[in-house]
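In structure tokens below, several structures.
Each of the next two complexes has chain A plus one other chain: chain B in the first, chain C in the second.
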Partner chain A sequence: MRFLFGLTVILALLLGASVSAQTEPPVTDSVADSVEVPAIPPPAPVTDLKALDTDDDHGHSVTLTWTKSVDAQTGQNTVNGHQIFRWYPAMMDSLAGVDSLKNMRQDIQRAQSANSVFRRALGVAEDALEDLTSGGRGFDALRFTVATPQDDSTFVLDRAFVEQALRDTVATMTTHLPLLPDSIKGLQASFEAAIERLTEAHQAYPEGGSWNLVGLAAKGDTSFVNSGNKDPMSGDFIKDFTDLYYRVDVVTIDETIRTESAIVGPVQSEGQWFNGGRFPVFWAVIIFGFLTMYFVSRARKGDDLYVRPLAGIEAVDDAIGRATEMGRPILYVLGLGTAADVATIASFTVLGRVAKQVAEYQTELIVPTYDPIVMSVAQEVVKSSYLDAGRPDDYKENTVFFVTNLQFAYVAAVNGIMLRELPATNIYMGKFFAESLLLAETGALAGSIQIAGTDEIAQIPFFIVACDYTLIGEELYAASAYLGREPILLGSLKAQDWAKAAVIVLGIVGLVAANLEWGFAKTFLEYFHVTN
Partner chain B sequence: MDFTTFLWTTFAAFVTLATFSFLYKDNPFYKFAEHLVVGVAAGYFVIILWHNGLVPNLFRRLADGDWYLLWLNSTMWWYLIPAILGALMWTRFSKRWSWVSRWPMGLYIGISTGVAIPLEMSNRVSKQLYATMIVNPQNPGIDWANFWGHGGFDLLDVASGFSQVLIFIGAVAALIYFFFSKAHTGIFGKAATFGIWILMIGFGASFGFTVMARISLFINRLQFIDQEWIQHAMNPENMVNGSHWPYQLVFWAMILVVVGYMVFELVQHFSSKGKAAPAE
Partner chain C sequence: MKRQIPLLITFFVGTLLIISVFVPPLGDLERDFTLFFDIIAVFAFFLGGGNLLRIHLMKLANRRKDWGFSAVTVSGFLFMLAIGLFKVGNPGGIAEAVDAEGSWFKVMFDNVINPLQSTMYSLLAFFVASASYRAFRAKNREATMLLIAAFIILLGRTPLGVMLTGWIPEWMSVAQIPNLAVWIMNSPNLAGQRAIMIGISLGVIATSLRLILGVERSYLGGDSD
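On to the complex of A and B.
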């Protein structure tokens, strides 16, 4: 059936093609010759081209703006895109020039890799020679069989030849290798001198240079940022305080049909001391800093700063008590964060509190860690807590230990600990990633009470599903303040609350302003706009 | 597939099954897989740290210096400072000098925190606040003209005015939930409850999305066992010295191990049940 259907389709197609061939008038050569394809006229150029140093950056960048070509919308010669060109003096990339920057970069990179490769090769050759002369690798001859389409040819290298070849290699390398670092230094010095001359070379515009494509912009674009690299060894290095010249070509669908703009320049790039685009952040940090200091000083004076109870934290005490009654350990997992992550820092505070209670109740604590520095800090925290509880002798060095620095290997190890040690309580506080559900599910399987807290939004759902109590996001930070009752933590928590209140109020006011057409409303919004 | 590769594939299949066996309970096969991955990871981590950390970031930068001058003549001699700070971490092995290791730790945490504060303030506060205010950068403010959806009534249209208002109210309510200086009572408590509902809806969506991703990982492992292992074991074109039986032998030996363990567990299970029965 399928065959018949396929056959019908093929026949229909063939029939259609033959009918079409019969009905279409034949095109004679003379007619074809007489039809002329109209040439596409070049599009109008972009106008009002301006080049300025890019604001609020570290330099090495120029921003171009222009008014679109009048042919940017419709017509046969409609603009398909923009090509941005920058003038390069000959020394920048001429392959023919001996001292071009491009050649010099390549020479330095080749010399550096040769230095590294030859050093390794020398070691290998020396080891092989040592093996050979000490009798560690005895052989009479090396045989190589090379198969060709005609026959198999065998080459035989005798022992004396191999030994001599190795000696020659080692001798040559030992003689020449020490010279390579100086050669590299010499090449680098010449390169740096050439970079110094780059500013002068640009002043020779338009003599002896060439236009190079530095970027593309879509047909609707009216600006382009030529953001270069600050490293002279990089091919797109742009030197600050150097005269740069640009032009923008509009190109049609046929790239050979194009129109160049007027040349713009000289323009120089430079870095700014202050990034004005981040002033909103600056003011936010300053205001938040003052709020923090104010509340910390109030807390230090003994003011009663209220923090609402958090169910997850209230449960920590019960969970420790449960572990003590059951005579089983408490497992504390600090997550995969580094010691610099805010969540890990908050977790250290909670760990300190847990360790203190554990020391008082003489329960066992297990803290497997993922990061060596986190382990070091956690050891200090636990040791201090045992000291604070008045039981420094009960502290064991192996309470906090390093497992591994590979995510799923860590999970496998912690899961194994859960099922073998059967901890009464599992506490997960810190930064967690894909391992969150694997850990929490295993803990649930082991019948442990589980309390979790993380600021990783994507992992919170898993903890909510598999744990008895979960501290969501910022609750983890609040927990450390709530438990510790230290003035610094309480003060910063209060400052955060005030900052949140300010964000709510400003958000409402800003939304109203965004809906108004008044000029001052737009100005108000711009005060909060982080542009860079 | 040549026989050596097949042996490694069989081992990979074994480790996969050993890992899945954890779903039943902790067992010797899982223990083997666990210790293998932890051990390999430790070795792998050391090599990674050496080749991706120390070699490119320290040794190569000091390569133009001389060891007998302690690389002080290198053009990038300042890389010695972090190297020394890193080496100070080794003082933890001495009880007398372990306090010195707090210096590099303090420096590391201090610098990281200093870098983090403006970044967090910029990305998590300032930019979020501005985005909440203007709602849509192309057309600031609520889209009142398309309040119920573009081109008709559509509550799922995320660009409609209704969605914009809902997102804004949700953001404010979620912020109220994270306000710790006031108990969640009265209207404030109701707003906080609405906030936690909004959060939970978001978490539910995130949960479903990730579970689907995990299911695809599981399917991938099953495909590996089927296509890379079973099919190669059964493919008569795979031969060793003109014979297919070594492939079959390895495959059935593996199956025997799995089935043998299952039988062993069943026997253990029933015998322990018999012992645990109360003697009434």
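On to the complex of A and C.
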């Protein structure tokens, strides 16, 4: 009984409390108005603002440094971040009207895009007109119907009207099409002239320009690099040797409450004579160069340098022997690279060695090429090899020949050669793209022994799958040295191996240092940081 | 002398371009030298065309094996050359661009060359299938690993992969097949690729140094002086 009484009292109390909560009058506006929300006081500005050309770069960049506001992380602690502003002369920003650089850039891009759209549209109109006049497509199939403005009903245009409209459209477009490239050229010329005037325009400071936000910095930051682009067509172009003015605003959580710094300027960006940001690369090249020269000199002195065997390269001799025994030719494909590609140059060396052996064994060699310059160099290489082998008379002019410089037409031609000539050995060395698998699979179907080497990472798996031996990545470059067994070339190969070992060691040290957050890790990583 | 001058040019240009990487005022040199290469390449096209004609005309004249293919090649070459040079069927006449709409050159390109090229490219699908079949046979440990990795990635890129392992709770989401596929691509695969890339870069530098220092001379047509 006492329990029931107690329960009733508790329920009554709870009910009463909820009713009173529901019926409690809302806080009136007058009460809310009377509560004072503390206004954020404007923070103290940053001080000692300095703007200097960024050191060790290629120009187009300015570095700002400042002393933090006393209210950043200390004092009133109201600073939420920094906003960096740069003064733009009137011609640079879009507010200044049609002559602004931004508008001009947009005009050029729009004109270029309009040109291509216009060309496509003209093609469509011409096709439609031709279809209509030649009867290629029925008039009804063209479905020219329009909604009348008065009601939703539609009326069908008659054939004569449509034909005349198409003729007018094609005629007008054909007349105006040549004008578009001219207008683009005109726009580009005025844009370049405006860029020329940019330095002068900046000297008008502070007349007529405006302040533009160019970046943000965190509240604890005391520096900012305004790194621009050297391409005038990009939006963040900064012209070297031009007076620039900056200011840094400290902002609170309410961005309307802010304090501007004193304005700093003029400052000019310029490229240095030496780009110190690339020091790590510079030292790497110097060290690697010395390593190469050291091992080359050791090799010249007659030191026996061990180089690990490459199965793919050792198979070349066997493959040539096989072709000789079978009385079938060897197909050598230099890939789609040009004579300027290092992979193609490495391939020339391998071709030279192969051609020399082919000449000695008096086997047939077929070298279809994709690029005329590659063809010319390959002809010289093969001819020299025959000369070196003491068989200049065996060299045939049609050993190396030009096929085409269309990718898949080249594939069709080479695949045809494979299936007709049934070469005993196919060697693919150089730059390969989508055709790699098409060639290698056809070669496999033809029953040839296949050796491939490329530095195109995406194609390596295809060659591994379809070829008997594959030189992966740098093995292609090692192949030339390895095949020749010449001490000088082996010396450079040895330097390459040492450099690789150094990269592995440094990589592991960097990985461990960065993950364990050792004290020297930051400094260590900084040594290898290429800034630009 | 025939060798010394090209070697000297290679040394000079190579050294200059290495310096230009570190000296910003010389930064545009690479672009300029590339332009020189393009200019030379234009002339080389005459060499290519001439070689093609000579090889195939000789084959035709001597009625060598498969001379029929040479007949097709030569006639196709001459036909395209003629309609391109004389701008046959070009609506704007000789002053218009060679690939103007309606020109025979454009018509042939769009209706013959392009479809033929697309046909060759589409063969890749069948070759990928046959190559995959050969690669994914679990003959040894490496091939088995390849098979498993490929299976996970193939499954991870399809809705079936999501369906099969979608029930795995969030805290074990790494075991979901699509996530496994992403992990394989971003971790072991990328690590392997980067290792190869480092090797390739060192190989390129070593070969370039050999060329600049005149140690490697094969591009001059042999090693003998």
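Assume the second predicted complex is superposed on the first by the 269 of 532 C-alpha atoms of A that agree within 3 Å, B and C clash if a C-alpha of one lies under 4 Å from a C-alpha of the other, contacts with A are read in each partner's own complex, and residues count from 1 in each chain.
In this section, a residue touches a chain if its C-beta (ideal position, glycine included) is under 8 Å from a C-beta of that chain, and two chains touch if they have at least 3 such contacts.
Bear in mind that the values here come from a model prediction, so they are computed numbers and not experimental data.
Q: For A:Val377, decide between first (touching chain B), second (touching chain C), both and neither.
A: After superposing on A, A:Val377 lies in contact with both chain B and chain C.
Q: Examine A:Phe274 and indicate which partner it touches, taking first as chain B and second as chain C; both and neither are also allowed.
A: In the superposition, A:Phe274 contacts chain C only.
Q: Going by the contact rule set out at the top, does A:Ser480 touch chain B (first), chain C (second), both, or neither?
A: In the superposition, A:Ser480 touches chain C alone.
Q: For A:Ile472, decide between first (touching chain B), second (touching chain C), both and neither.
A: both
Q: Is A:Gly416 touching anything from chain B or chain C once the two structures are fitted on A? First, second, both or neither.
A: Both partners.
Q: Between chain B and chain C, whom does A:Ala346 touch in the aligned arrangement: first, second, both, or neither?
A: A:Ala346: touches chain C, not chain B.
Q: Quick one: is A:Gly510 in contact with chain B, with chain C, with both, or with neither? Answer first, second, both or neither.
A: Once the two structures are laid over each other on A, A:Gly510 reaches chain B alone.
Q: If we overlay the two complexes on their shared chain A, which of chain B and chain C does A:His529 touch? Say first, second, both or neither.
A: The first partner, chain B, only.
Q: According to the stated criteria, A:Ala160 is in contact with first (chain B), second (chain C), both, or neither; which is it?
A: A:Ala160 sits against neither chain B nor chain C.
Q: Taking the stated contact definition, name every residue in chain A that is touched by chain B in one complex and by chain C in the other, in rising order.
A: 278, 281-282, 285, 288, 338-340, 342, 345, 372-373, 376-377, 380, 403-406, 408-409, 412, 416, 420, 437, 457, 460, 462, 464-465, 472-475, 478, 493, 496, 499-500, 503
Q: Taking the touch rule as given, give the residues of chain B at its contact with chain A in the complex, in rising order.
A: 19, 22, 25-26, 30-31, 33-34, 37-38, 40-42, 44-45, 60, 63-64, 75, 89, 92, 101-102, 105, 108-109, 112-113, 116-118, 120-122, 125-127, 129-130, 132-135, 140-142, 144, 168, 171-172, 175-176, 178-184, 199-200, 203-204, 206-207, 210, 214
Q: Which residues of chain A touch chain C in the complex?
A: By the definition above, chain A touches chain C via 57-59, 119, 122-123, 126, 271-275, 278, 281-282, 285, 288-289, 292-293, 296, 338-340, 342, 345-346, 348-349, 351-352, 371-373, 375-377, 379-381, 383-385, 387-388, 398, 401-409, 411-412, 416, 420, 434, 437-438, 440-441, 455, 457, 460, 462, 464-466, 472-478, 480, 484, 488-489, 492-493, 495-496, 499-500, 503.
Q: Could you pull out which chain C residues touch chain A in their complex?
A: Touch list, chain C to chain A: 18, 21-25, 27, 37, 40-41, 44-49, 51-52, 55, 58, 66, 69, 101-102, 113, 116-118, 120-121, 123-124, 127-128, 130-132, 134-135, 193, 196-200, 202-211, 213, 215-216, 218-224.
Q: Residue numbers of chain A touching chain B in their complex, please.
A: 115-116, 181, 184-185, 188, 278, 280-282, 284-285, 288, 305-308, 338-340, 342, 345, 372-373, 376-377, 380, 403-406, 408-410, 412-413, 415-416, 419-420, 437, 442, 457-458, 460-462, 464-465, 472-475, 478, 493-494, 496-497, 499-501, 503-504, 506-508, 510-511, 513-516, 525, 528-530
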